[in-house]
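One chain, chain A, appears in both complexes that follow, with chain B as partner in the first and chain C in the second.
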Partner chain A sequence: MPKADRWSSDEEEIVLLSLLPKPISHLDEGTYGVVWKARDNATQEIVAIKQIKFDSDMTKEGFPISALREIGVLLSLSHESIVSVREMVVGSTPDKVFMVMDCFEMDLQAAMKKGPGASTPFAQSEVKYMMRQILSAMAHVTSIARKYEHPARNMTQMVVTLWYRAPELLFSESCYGPEIDTWSIGCIFGELLIKEAILKGTGELDQIQKIFKLLGTPTDDEYWEQLWSKQGSTFKWKNNDSDLARTFAVNSFSATGQSYLSPDGFDLLSRLLSLNPKKRITAEDALRHSYFSCGVTEQVPMFYV
Partner chain B sequence: FYEMKQAMMNAHPQDNETVGSMIQEDLYSVLAAMLRQEEEYECHDYLEFDDTKIDETCRTKMTEWVFQVVDCTRLQRETASVSMSYLDRFMCTSSPTAKKARLDRKEYQLVVLTTLYIATKIFEPFAMDASLVSKLSRGVHSEEEIIALEYEILVALQWKVNGPTPLQFVNYLLELLSTSCQDKALLYEHS
Partner chain C sequence: MQHKEEILNQLHAMCAKDEQATRCHHNYFTQEVNEDCRRKMVEWSFTVVDSFNLSRESVWRAMDILDRFLSSGKGSSVKARENKQSFQLASTVCLYMAVKVHEDVEMTIGFLVKLCRSYYTASEFISMEHDILFALRWSICQTTPLDFARQCLLLQLDCFDPETIDCILE
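== the complex of A and B ==
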């Protein structure tokens, strides 16, 4: 195993060129140590180096679980749209462990702010390009993740960042699968269209209200009736109709600063944001959706070039 | 077995008939990906190494012990087999403790405990405390020893802790069969 001094030159053991912006929506905040941009002395390549953060009780609990899981999974994934861990590197003491990863100039949130002018919407072709990347990465993860169907279900209610959290999780449903991820992708789709998070709840209850306001209250839905009666819920939710069509205008040219959205695109968006997780489209099926096979062809977003 | 798997991979899927929730073609590509992955998690027969004092009986005893622990604590049996795979891979490395453990059964037992500790961390909803693991050894090994060895093992395995397991192969191969769900559940149980 290579020692950190391959990147060395000062006492900090790695060359710290500049600090990368912090990652945006992470699943387990605790694991995120600092990410550095560094040059690999052996190959001259620029890489991102993330130092694993250790809690003070490291002596009690050993290597942090969340970091251990994240590293293990990332090492077993291999997809062009998923950041790959090139190798693990250790320093002189056990609390110095680094992940060497491909370096990207920015994350999606930074890209949304940059673009060809912060308020200019992405072109339809660019949105499509990014959506395909996200969905095919997710399809890959899902196919691998099927291997880990059992573990850690209880903890995961809390893991997804609130704004991207599926409604069933907000109702403490603890048994779920990849549908919670496709919900998040639906949120990102909407966000790419208007360059702003679409469901910015201030707390769990507010998040639920925002979801029902945008998508309508699931009054006539088998899944929700079952869930609510199972939980013995007597709370009555205000009846809303779906606001989705008004929020995301189809076939209109950016009066509101929204990216152009084809009817196919709208259909995909509403299938990703299906309140009923059983009816939510899977990443695999989304990739086969007519949104990708018809209409404008995809194009690499401007911020890449 | 490997050749059989290869043959299955080469046999081209005839149709796109949906098997379970997954399309046959996807199943083939997942299996192919797992086979590629497996090569990175290779291991040798360390019982044959010249310097080893660990024999089959010893490893069998340890395996039985690990499965006993897992059954008593209601962990998944899969966790036990993952932990055994860490053990076998680690024992083949030139890490100092691996070398020692090939000569010293007490040390070997420490490695067994620690790999089980790592596997539960990754695959179980609730991890065991290092102190509990120490108790499992009836006080022979301390928490500090276990945590120090955890780090050594992770370094030696290069943090590759999510390799494909035989049970996962079985699971996917079963999905390729067109038997009824009940039969599949039964077959899975028997595997």
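== the complex of A and C ==
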């Protein structure tokens, strides 16, 4: 561990303190290497620094394209609910490049498992608070990052962690639009309600089966019929009905291990988890959903205070 | 269809971000590298993107990177303002970077070398890219005047639909 290494960013010095127990964001896990906790000697602030992973590409094709895009997008975002990249710092050799970011105590997954009320579900007011944060951050990303949308070179399938991956991606659709992110947000909504990932597939096929089991097989759906006939699919999927209403109890105080869910909340959940990406609700529309305008007021979750 | 309020919010976000960005010097030209050199590179870049069916917007993004780099006074930007060959190298790399970040197709270093008929080597391209990234602290996705123009046109959605706007901007 390069404990005493210093990384310069002009006048300031960043001193690595320790390896953070977990990468800050799970989506990044494994893609860019490790995240360190560090102190900025100029301001004495604790920051997180993420080392950009280089492979042999560096010498052949310049700065890695994925890292370049991620840095570019993150530097162009500015939202209270999005971790901000403060600056880039470099080490002694060109392959030592770090992103300096705000440091957070924990990520959402850790927050669900730790905190004062770790063993009990979140209050519905807390879930609503977090959902608004997530959705408004996503709406911001969508609006700013519109210019970065690419049907990325066959990378799309690896972009999203399996459990949060939209069904169309599992069928190798190569379009990367905001719909695949709202699907992920739907998965997170469900996870916030029961404090456990809702679609824990063990592989791509199992993930598809779990999705169809929870939400029903998309029969009579134009989008899926087109996709399957385009791919000449020979798979026959067992016809399931949606299990969503049984999995997430509405208006129930007796449902154990689940946050209270209003009918509005259930409606939003099912719109986020729409199997047809064309019908999936956008982050902007989700923020206008009655779930946010009616019912209980939002409240800062306990693990914050 | 986007709502006016959202478009305005985006405009605000873009303005705020632009405030923080590395400034462009209003006039970084020298006797050796003047307006004419820049114009020629813009024209050359348009020829390249047109022949490879890339977006013309990539040229504006490239020029945005170039202007900011040359205004920065850091690293080899000083040389690029004094020396035509170095300026040409820098503008070519800016186009390469804009394509890298914004286009779906890849423009490889090998392709660049061919494009410039081996006037520059692969390692010169790579070290220039490195220099630009350092000088601009990786802030290479700044809002361009075209982005502002698009937002302003979007505000007039009653008059134009998004496709028309794209046509106007082209």
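A few notes on this one:
Just so it is clear, the second predicted complex is superposed on the first by the 271 of 305 C-alpha atoms of A that agree within 3 Å, B and C clash if a C-alpha of one lies under 4 Å from a C-alpha of the other, contacts with A are read in each partner's own complex, and residues count from 1 in each chain.
Definition applied: a contact is a pair of C-beta atoms (placed from the backbone, for glycine too) under 8 Å apart; a residue touches a chain by one contact, two chains touch by 3 or more.
In this text the structure is predicted, and so the values were computed from the model without any measurement.
Taken together in the superposed arrangement on chain A, chain B and chain C clash.
In the superposition on chain A, A:L162 makes contact with neither chain B nor chain C. Judged by the touch definition given at the top, the superposed model places A:S76 against both chain B and chain C. In the superposition on chain A, contact of A:L68 is made with both chain B and chain C. In the superposition on chain A, contact of A:M88 is made with both chain B and chain C.
Once the two complexes are laid over each other on the shared chain, residue contacts for A:K60 go to chain B and to chain C alike.
Comparing the two complexes, residues 59-63, 65, 68-69, 71-73, 75-76, 78, 87-88, 90, 94, 143-144, 147-148, 150-153, 284 of chain A contact chain B in one case and chain C in the other. Chain B contributes residues 22-23, 26, 29-30, 33, 37, 76, 117-118, 121-125, 127, 129-131, 143-144, 146-148, 150-151, 154-155, 158-165, 168, 171 to its touches with chain A in the complex. Chain C makes touch with chain A in their complex at residues 2-3, 6, 9-10, 13-14, 16-17, 96-97, 100-104, 106, 108-109, 122, 125-126, 129-130, 133-134, 137-143, 147.
Only residues 59-63, 65, 68-69, 71-73, 75-76, 78-79, 87-88, 90, 94, 139-140, 143-144, 147-148, 150-153, 284 of chain A touch chain C when the two sit together in their complex. By the touch criterion stated above, chain A contacts chain B in their complex at residues 1, 59-63, 65, 68-69, 71-73, 75-76, 78, 87-88, 90, 94, 143-144, 146-148, 150-155, 284.
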